[in-house]
Amino acid sequence: MFSTLNIRAALIAGTATLLLVAAILVGSRNLNNFDAALVAYLFGCIFACFAVVYRYCVWLQRPPTWKYFVRGWELLFSRHFVPYVLELVKHLFTQFIGQKFIRNRGTARGVGHMLMAGGCTLAFAVTFPLVFGWVNFQLKPGGIDTYEVYNFGFKVMEFPLHSWVAEALFNALNWSAILVIAGVMIMMRRRLTHAGQIAIQTFEGDWLPLLLLLAISLTGLGISLDYKFMEGKAHQFMAITHAITVILFLIWLPFGKFYHIIQRPAQFGIALYRKAGEAGPQAICPHTKLVYDTKLHVDDVKDVAAEIGFNYARKDGTSHLDYSPQGKRALLAKAHLKARQDSGAFFG
Amino acid sequence: MNTTTFRTDQEFFIDPQRCIGCHACEMACAECETNGQQPMIHVDYVDRYLTPQTSVQVCMHCEDPTCAKVCPADAITKDEFGVVHSANHARCIACSNCVQACPFGVPRKITPMDLMMKCNLCYDRTSVGKRPMCATVCPSGALYYGTREKMRELRPNSTPVNQFRFGQQVVKTKVNIMMPKGATELVVDAQ
Amino acid sequence: MATLPVSAEQIIARFGPSLNFPPAQGYPGRDEPDEVVKTHCCFCGMQCGIKLLVKNNRVVGFEPWEEFPFNEGRLCPKGVQRYLQNNHPDRLMEPMERVEGQGFRNVSWEAAFERVVSEIKRIQGKYGNDAFAMLSGVSLTNEKCYLNGKFARVALKTKNLDYNGRLCMVSAGAGNKKAFGLDRASNSYDDLKHAEVIMLCGTNVSECFPTLTHWIWQARDNGGKLIVVDPRLTPIGRTADLHLPVRPGRDSALYGAILHQLIKHDWLDHDFIRDHCSGFEEAKKAVESYDLDWAERTTGVTKEKILQAAKWWGPAKTSFLLHARGIEHHTKGVENVLSCINLVLATGRIGKPYCGYGTITGQGNGQGGREHGHKCDQLPGNRDIENPDHRKYICDVWGINEKDLPGKGLTAYEIMEAIDRGEIKGLISICFNPMVSLPNNHLVKRALEKLEFYVCIDFFLNETARHANIMLPGSLQEEEEGTTTSAEGRVIRIRQAVKPPGNARTDTSIILELAKRLGAEKYFTFANSEAIFNELRVASKGGTADYNGITYKKIEDNMGIFWPCPTEDHPGTPRLWEDRKFKTPDGKAHFHGIAYRDPGEVTDAEYPMILTTGRVVSQFLSGTQTRRIGKLVQQYPEPLLEIHPKTAAKYGIKERELVKVVTRRGEAEYPAQLVETIREDTVFVPYHWPGKKSINQVTTGLLDPISKIPEFKVCACQLVPQGRQAPSSEEAQAYASA
């Protein structure tokens, strides 16, 4: 990944990181609201920010990715943006939040992923603002039973200590841990019992992420349980292991399986692109005489393939890539038939 | 985990003119545990009006896979045995670039799953030293998986070829196609 | 009995056919099966080895059996999907009785047996023993075939027992007995490997016997030439060196013309003909006038092609001739077979390495099932029921009085005719679905409606069983131990992988119980399938199909034994006739003079087109099993009318336009499929479908005079384009057509 430094990506990533640092300084009122206990997490986040943006930029520079990136934004900022925005909203609810496509891959898998995704999202929503010092809680001066919530240094709400709001807020991370653990269990069971999964899974690609999530959740939950039942005897251990696992997660985010969290929104672009393609002319296979894709996509793939060094063009100006998959298979079968016929024997 | 007894002495050989279009491979492929009742192999009539000829296509496992190169999500990878794997489930965004770019017409987009799937050389079987389902059941020898020596003995007058020409593009593959003796490549688009 | 108790649609809604698909991730447990059972496919005569994966008394998947010598793991789509007949939602698991206006109601086994036995006694008491007939089938093991033969003669005491092999290859069997005195493919398929010329006569190997393809392709790898005779260009014929698109019903003219050429060019093995054959002169005389001009006119195959076939066949050093239903399903079935055998004998290429001949039996146990006496004219060991010596031998084995052994009865289609005439009043059937598989099935339906009592044993409620008064849930092939004999004559072991589910019982236990209740218990004291096989061995001893030296253990140790195998130390006989001692009375192979005659129904101005029928690769016979397996149905969802584009243009028929096929017996409607791979004077429809989609609504009931095989492969029809497009094939519900 970093074997050759991508200057452009590094510049963008550097800028993004500086912006994050600035936002942290501003949001935490010059670190006034910053919780010093979270400093290790903070550095993890800053590193992750740089690495994620760097990798994202490198990734975007790949011709096929760039093509879709540009096409997606073009559509959203086109004059006929309305249907695309609607498509985006639809996609957001059914696929991104609803994760229908994952449920279609298997019910248990859908449920497991939903639990993990939900738990992680909740955890992120709590953790990042806390770590950045963007959100902090303070006892309301003049009492011992009302909390005030500050966001970017502004008071946004207050709630009594023994209210359900307090329970929900203070235990949010515990809930997220429980969701994640349940999801991880479902996913691990699949990976232990399903022969197809067993055949193609890898440790670092499939098990390490699950183990890491499990470790984060268990240690996080452990901190609370330790307080509740063990009078904080194991606090040190829990806090340190939790910090280590979370920081590992942050550092590994740009490189491993969790990068898909960053990458997944590209699906939106594809949805828009598909819609745009459908509105335009369609590609008809010269062999099957049937529509098989949008012309936009066929032409883009031809361009991208050429850009990365594949030349499927024929001398007459047409391309092998003008054929549908079935047409391509038929071309090969016919070419093989001809070769065999020319040799005088089908067998041997 | 990740331990494998992949047999590097065994290779895949296809010979489309032996195909009788029975679809046994397709039914057997669906039994493969990595693809959950989705067949990955393709069997089609070339043009039923004219001939009962069928095309039969497994993934050829290109040395430089176009599908992987055109993938915007880096979802397709080739392993140390030269097996080009089906899309990584976490990464694939179902753009179907690979479906359209593969010169052999192999990858399929499974729309409801927003996922591309393709033949992975029956990795659940080959990784433990078994033969791929399709090539094990194929009743006509259109699909064969075994050693090069055995193939030479069975079909002495054919040559396994792993180079294809599509227009200007030369594609080299892990999977072989059986050609008349002495052939060095299969020219698919003559123009 | 009358019509169905409720409408066919209501019966279909409850009993199927419905489609079985495996769950998306396969059946649970297939990764860690309790047992991996090495057995065989339940479908065609290839009897491919297959391993079934069993978990909790259910077949949950399969694994190729790569060590089995014939198929080495190779399978066709039916074989791959065969495991789905297990775990099927349509499976019958309780005995049932017909309730007028309501359909079927579950009853106890006791009540069911009681009713069956009392009806048998009533009908036989009133109309005579022969008024109760039995129909059996050759998807059954040798043990069950033998048991059914004995049951019908000894317990039911009827002469009217026949089987669905009557629709399969009886003409080949009869021809083989006439020519060789024995009925078995002469060689194992191993002899195909180095055959210089292979002639496939009326056999769509690629769709009906896909796993045989490997052996034929191997011969071609070794330089062998392939000649395919078929009115359609099938996948096996596509790359053939020579395709002879014979006009349906003209086969014997073609083979006669080739014999004419062999004689003319002296491509004959004179020594073999002189020393080991008889009847050559008659054969020669019969084809004297069959020159190429005549042959081209008659067969519709060009002179050049016929001559080329003779040129390759004649001087070859090794060769293999295979035929199947294409020449056998004719009113001249036996003559067609004999005309092929003449070509084999004339060149003397039999009984030597890579010199072979045989019929490719269609059904799973088409070979074994036709040897052990559940055929109306036959006793075990392929003995003749009218031969006094044979009768005596079997009566001794069975311990019955010779005069109590019934004589020759009616054949399958004739049984239906006799029911229609009111001569037969009661019927028991097992493993036979005549509503789909017999020709002219309007007659079959009428006959079933006239029966006073019908009891059916089957695992699914097939189209015929809907007419049953009592339905007894029997067993699948994988639910009982036994043996079958594959098309090459290899006796193999069928294993019990699972027990029948619910209250279903094994076929054997049902037959044994009926025998007991009919008062014949002492003749049916078998402890298990092996005990039946051991009696079969004795019964077959000294017959032409001699199994005496075959034991279960020997089969298992050798992965099959080829009969004849007279003694336990005999290794079996993969290749027949190496000793040139033919089993005919004079010990010689017999030529026959085959004068060509027209098929039973020829085209005329009113019915100008030839209709021929056949199979598709994803379906098997009447479809009782395969029309219930989802992916097999999807592969070819509905029967199509194959028609040449030129003919279609003449009628103005477009692709997928509905076309009515009308014959003297009825009509049926199919979407047209325009293909240049069929003769212009012929249309083709596959026959696996029931009800309104059944092509056997219109086929003829004309029979071969010797073998009584029906003429499925040719009749005259008119085509009436309907001017509307068929709905898409995905919507077709042909598999469950009423």
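Chains here go by letter, A, B and C, matching the order in which they are written, and residues are numbered from 1 within each.
In this section, a residue touches a chain if its C-beta (ideal position, glycine included) is under 8 Å from a C-beta of that chain, and two chains touch if they have at least 3 such contacts.
Nothing here was measured: the structure is a model prediction, and the numbers come from that model.
Here A-C and A-B were compared by C-beta pairs in contact; the pair with more is A-B.
Of all chains displayed, B has the C-alpha centre closest to the centre of the whole protein C-alpha set.
Averaged C-alpha coordinates put the centre of chain B at 37 Å from the centre of chain C.
One inter-chain figure worth recording: chain A and chain C are separated by 59 Å, centre to centre, where each centre is the mean of the chain's CA atoms.
Note on chain placement: the centre of chain A and the centre of chain B lie 31 Å apart, centres being C-alpha means. The set of chain A residues that touch two or more partner chains comprises 106, 194-196, 346-348.
Residue positions 24-25, 31, 217, 221, 239 of chain C are each in touch with at least two other chains.
Among all residues of chain B, those that touch two or more other chains are 17-18, 33, 36, 53-54, 155-157. Interface residues of chain A, counted against chain B in their complex, comprise 59, 62, 64-65, 67-68, 95, 101-102, 104-106, 194-196, 198-203, 205, 207, 257, 260, 263-264, 266-267, 270, 273, 293, 297-298, 301, 304-305, 308-316, 318-321, 323-337, 339-340, 342-343, 345-348. Residues 24-25, 31, 217, 220-221, 223, 239 of chain C touch chain A in their complex.
Taken in their complex, chain C has these residues touching chain B: 21-26, 31, 61-62, 64, 66, 71, 73-77, 79-81, 206-207, 210-214, 217-218, 221, 233-236, 238-239, 617-618, 631, 635, 645, 673-677. On chain A, the positions that touch chain C within their shared complex are 106, 193-196, 346-348. The residues of chain B lying in touch with chain C in their complex are 17-24, 26-28, 30-31, 33, 36-37, 48-54, 131, 133, 136-141, 154-157.
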